[in-house]
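Here's the structure we're looking at; comments come further down.
Going in written order, the chains are labelled A, B, C, D, E and F, and every chain counts its residues from 1.
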Amino acid sequence: MQTHVAKRVEIIIEAVMERRLTEALTAAGVTGYTVLPVQGGSGRSGEWSREGQVGRAGGMVAVICLIRPERLDGLLEAAFRVVERHIGVVSVTDCAILRAERF
Amino acid sequence: MQTHVAKRVEIIIEAVMERRLTEALTAAGVTGYTVLPVQGGSGRSGEWSREGQVGRAGGMVAVICLIRPERLDGLLEAAFRVVERHIGVVSVTDCAILRAERF
Amino acid sequence: MQTHVAKRVEIIIEAVMERRLTEALTAAGVTGYTVLPVQGGSGRSGEWSREGQVGRAGGMVAVICLIRPERLDGLLEAAFRVVERHIGVVSVTDCAILRAERF
Amino acid sequence: MTGLLELAAQNLISPAILCFVLGLAAALARSDLSVPEAAAKALALYLLFAIGFKGGVALVEAGVGVQLGAALLAGAALSFALPFVAFAMLRAMSSLSPVDAAAVAGHYGSISIVTFVAATASLSAMGVAFEGWMVAVAAAMEVPAIVSALWLALRGGAAGGERMDARLWREVMLNGSIVLLVGAFAIGWITGPAGRAEISSFIDAPFRGVLCLFLLDMGLVAGRGLRAARGQLTGGTVAFGVVMPPVGAAFGLAAGAALGLSTGGAALLAVLCASASYIAVPAAMRVALPQANTGLALALALAVTFPFNLVVGIPLYAAAAQALTGG
Amino acid sequence: MTGLLELAAQNLISPAILCFVLGLAAALARSDLSVPEAAAKALALYLLFAIGFKGGVALVEAGVGVQLGAALLAGAALSFALPFVAFAMLRAMSSLSPVDAAAVAGHYGSISIVTFVAATASLSAMGVAFEGWMVAVAAAMEVPAIVSALWLALRGGAAGGERMDARLWREVMLNGSIVLLVGAFAIGWITGPAGRAEISSFIDAPFRGVLCLFLLDMGLVAGRGLRAARGQLTGGTVAFGVVMPPVGAAFGLAAGAALGLSTGGAALLAVLCASASYIAVPAAMRVALPQANTGLALALALAVTFPFNLVVGIPLYAAAAQALTGG
Amino acid sequence: MTGLLELAAQNLISPAILCFVLGLAAALARSDLSVPEAAAKALALYLLFAIGFKGGVALVEAGVGVQLGAALLAGAALSFALPFVAFAMLRAMSSLSPVDAAAVAGHYGSISIVTFVAATASLSAMGVAFEGWMVAVAAAMEVPAIVSALWLALRGGAAGGERMDARLWREVMLNGSIVLLVGAFAIGWITGPAGRAEISSFIDAPFRGVLCLFLLDMGLVAGRGLRAARGQLTGGTVAFGVVMPPVGAAFGLAAGAALGLSTGGAALLAVLCASASYIAVPAAMRVALPQANTGLALALALAVTFPFNLVVGIPLYAAAAQALTGG
């Protein structure tokens, strides 16, 4: 099948920052994203798990964004401004997509 | 460790189409897949979130499929026939897998 | 933006083995990981879905680990010792990360 | 007329309606108040089980009669016919494409079980009796509208997948809420008043309180739907969302009178005709009519018609039924 | 004999059993009816808490005596011994490998708390009294069977990981359902009748209704299990699934009589011996015996033995206990 | 003094407290017992709705008076002022950085609604009357402390994002628990005793039982928090966690006496001042003060101060209020 080169950006970030991040992405011209729930994790700031949460303060989400390669830098800069001072990680993978007219 | 070249296909699709998709994948010779819940997202058809859902009509899922490279085309064609007329995205990444005898 | 080469390891494993896996990862020097819930799947041992579960015996989780390339082998060996006799899959993707000082 | 206004005012200040208003206001103000998806589904299961079960028990007391059969047939026929009425109105009142109009029409032919539940609670509070087995009529009205909608869409130029294949047909007929409603009805019918006595402190005592929490969630969902669909809800479609319910209700009242239902029964049939589906139909439409704008249909059903019926419709149809049946 | 059949028929048309049947039928018909995972877990927490708490309160009234100690020991011994019986039967009746047979045997030595809860509800409905603290015996019977099963598996040729390491041991002893059951028992015992009075409208009034919804979910799960395991459920294993319960029950009845338990107490001990675990044991087996086919064990326990006990077993064991104890 | 000890002992062996202890013990023993997140949230929604609604109904009976207004103002002022007290104590007692101390201080100025609910249950059990509308004061005390904490953090050297921007301000004011509490209060006030009668078997009868299950979960969460934060909870911070509550309570008692509240009302104001937030404040701090160690603040609030108040504090403050108001 005909596929097109793209980038898959995965941003794992605190749930309280989700809206701020997706708005920043949209402002940076991103046309779509998908949010996955996160059940737990560990990092420099210690270990946590969804079961031990009260309120939303501690939870995290994973935001996945498929974009054309030329948009990557704009996206990363927008994302970075949001995550900069917060915990979380950002990774980028090369990928191929179907239906490129959608992106 | 000994790893083997493979493809990781990620299909984000409406929950109502999940069974149709996984059956099509199985029919196309796929030996395994994993379904992740999706919490929300945004695309050409607007923004949605699991919290705002009644019934299953609006939710989405992410189906992940690790396959040998030679099977990729069959899988994509099968997947495409299901998603074609529906909202959702399909991406493919190169990856390496352990225990290739399982695939 | 400045990115750094890294590996993204995704381990899909039975929920009962989650703690054993994350402890093995930590022992192998992994500094962080994220656990995603899994809703269902299919493989050599058949099909399952979270809705059909009683207790934790049948569920699975996806553990995602971003690491520096030189740590990959240690991680895979640690992971393999845990998953070896169990069902589940392990895949590795090349990726780029922001904020490499965190890994 | 005073009686009617009083009824409406009384209805308005019940905890249940106010909970809906609270949810709506919270969502419009973008509060992060939310009912977890699993909890909302559990509340729905409870309401479906309780209302179905009570209906079945009521059937034991009433006996299976010709009237029940006639009401089931009438309900199915209304569900089948109303999408044509709705389609015509939509084409006249709005600029929706034929396919979108067909999808919306399907939602309005089918029913909203929560509106039904709220109506039974209101009638009980007003002391108006109704046929307990009316819930079976509700179940019979869920599906036929889907068939009409797909037919209208095909005629309206939809291509390809919008056939009602056997699989979709099975999915629709066996969707969870129908199965639970009908199953609980059967269980109530089999176990009868003895069964009801056994679980009464579960299905009767907390019923209204659970309805309050459920309506809180419905308000939240409706409010989010409104915000998501702000761009799409044109004047024409919104007008349809408040005009269609009384039109549907008129059909229901006429049928109820023809069937010789009690005042409450006629009011409930009116409520069923007036209400719009937001569970079974959207799911079927997403599969069969993926190109239709189901977001719009859902927003209309949930954020316009549902509150209209809850606040204005239920007391209105009840008053009309009273006038009509002289009850 | 008439009395027995009547009992069974009565049992069959209770709302609880019919809810199970509804769930089973819905799953077999592939309806999308489902109880969210979180809601099902919450219902289970409620049932465990309520049954444990009531047991503890009952102990205040009965007093801690020699009989309780003896019953706990007998329960643990039965749980330890029954896997050997089950293993021998499985090797004779089916073609399961030793390791798979050991895994299944472990499930049958342990207990199903929902079967126990359903049995207490049936006994109460029949007006048969029982020792309230029997729930403590249930807790004592959860784990020993796992030890026997692992021993049998090792002897049967399982290699490597199937040692019961300290960590697994702790996980099994402190699994959520045991901790909640024993903890609620202790709380009931400490707070006594005054504590029960305080929360009675939470743990008593809605109890049977909650059980109905829970059994609806169990039916759904059992039905899905049946569909998933259709290929693996051979005649031999299914036969084992309905023969083993009465065999286990016979052991339980004998022990109950020897201990001098009341009619209801003996019946409950029989139910515990007859029932098969589907929570604690499968989790332990996945860790310690990953090569065993736990899917098969789970399908047998849930989709064959659980309904058998629910529908046929409970009234049967109750009648046998009545005959035996002359109660 | 005997009366006080008796009260404390009585409080200790209530099912609710014992459920908390069970959860705490289970988590510390690393049992896998857990309440699903959705179920815990649903229980919280129930408690907030019930307590808010009852408060609103109580206001109908009491009438809106000057005392309510004064109490709301006093509550807001206390919430605003207490972080300064807490900050000073933390700087003296521990080696926390100014920013971390400010974050912790913010938690202690705000309130824990579960502690409040548990206190109302204890007071009812002791037969001590209180102003039903005190729950409105609780709502008024949630937010002001956040403003003080951010000001303290800025003064203490925090850089950049720790401004309270309009968006964060809205998020905090409209956080779900405030909206539900205030909304339910309004609904109770509008529908009055008639509304309460309608849903009493939902919000009154099972209330204490639901509180038990909720406290079980709080115990689990507190235990997990303790294990996660073991390294960070130094002697100084733990000492603060048990010294700050009585200090806060003293302010509350004084204000209560000055306002002329009843014995129970003064006790509840003390409880509000003594308790520490673990929902609204942590979320605001994560956004506005990401560099602060909110894990420590949460562990202190949940795993030190919450149990202290539950077990020791509530009876202590009640006894003090009794002595003070001579009630």
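The working rule: a contact is a pair of C-beta atoms (placed from the backbone, for glycine too) under 8 Å apart; a residue touches a chain by one contact, two chains touch by 3 or more.
In this text the structure is predicted, and so the values were computed from the model without any measurement.
> If each hop has to land on a touching chain, what is the smallest number of hops from chain B to chain E?
The fewest steps needed to get from chain B to chain E is 2.
> Could you give the fewest steps needed to travel from chain B to chain D through chains in contact?
The fewest steps needed to get from chain B to chain D is 1.
> Chains touching chain A and chain B alike, please list them.
C
> Just grab the chain with the largest centre-to-centre distance to chain F, centres being mean Cα coordinates.
Result for max centroid distance from chain F is chain B.
> Quick one: compare the interface residues of chain B with those of chain C and tell me same or different, with half as the dividing line.
Because under half of the interface numbers appear in both copies, chain C and chain B meet with different residues.
> I want to compare two interfaces, C-E and D-F. Which one has more contacting C-beta pairs?
Of C-E and D-F, it is D-F that has more C-beta pairs in contact.
> For chain C versus chain D, what separation do you get between their C-alpha means, in angstrom?
Taking the average C-alpha coordinate of chain C and of chain D, the gap between them is 45 Å.
> Give, as an integer number of Å, the spacing between the C-alpha centres of chain C and chain A.
Going by mean C-alpha positions, chain A sits 18 Å from chain C.
> Indicate the whole-number Å distance between the mean C-alpha point of chain C and the mean C-alpha point of chain F.
Result: the chain centres lie 39 Å from each other.
> So, what's the distance in Å between the C-alpha centres of chain F and chain A?
35
> Show the residues in chain B shared as contacts by 2 or more other chains, in ascending order.
36-37, 49, 56, 93-94
> What residues in chain F touch two or more of the other chains?
Touching at least two other chains: 32, 34, 36-39, 42, 205-206.
> Could you run through all the chain pairs that touch each other?
The list of touching pairs comes to A-B, A-C, A-F, B-C, B-D, C-E, D-E, D-F, E-F.
> For the complex, give me every residue of chain E touching chain D.
Residues 13-15, 18-19, 22, 25-26, 29-39, 42, 125, 205-210, 212-213, 216.
> Within their complex, state which residues of chain E touch chain F.
36-39, 41-42, 45-46, 49, 53, 170-171, 174-177, 179-180, 183-184, 186-187, 190-191, 195, 198-199, 201-203, 205-206
> Quick check: in the complex, which residue numbers of chain C touch chain E?
The touching residues are 14, 16-17, 20, 45-58, 85-87.
> Over in the complex, which chain C residues touch chain B? Could you list them?
10, 12, 36-44, 49, 60, 62, 73, 76-77, 79-80, 83, 89-94
> Can you list the residues on chain B that touch chain C in the complex?
Those in contact with chain C are residues 1, 3, 6, 8, 22, 26, 31-37, 61, 66, 93-99, 102.
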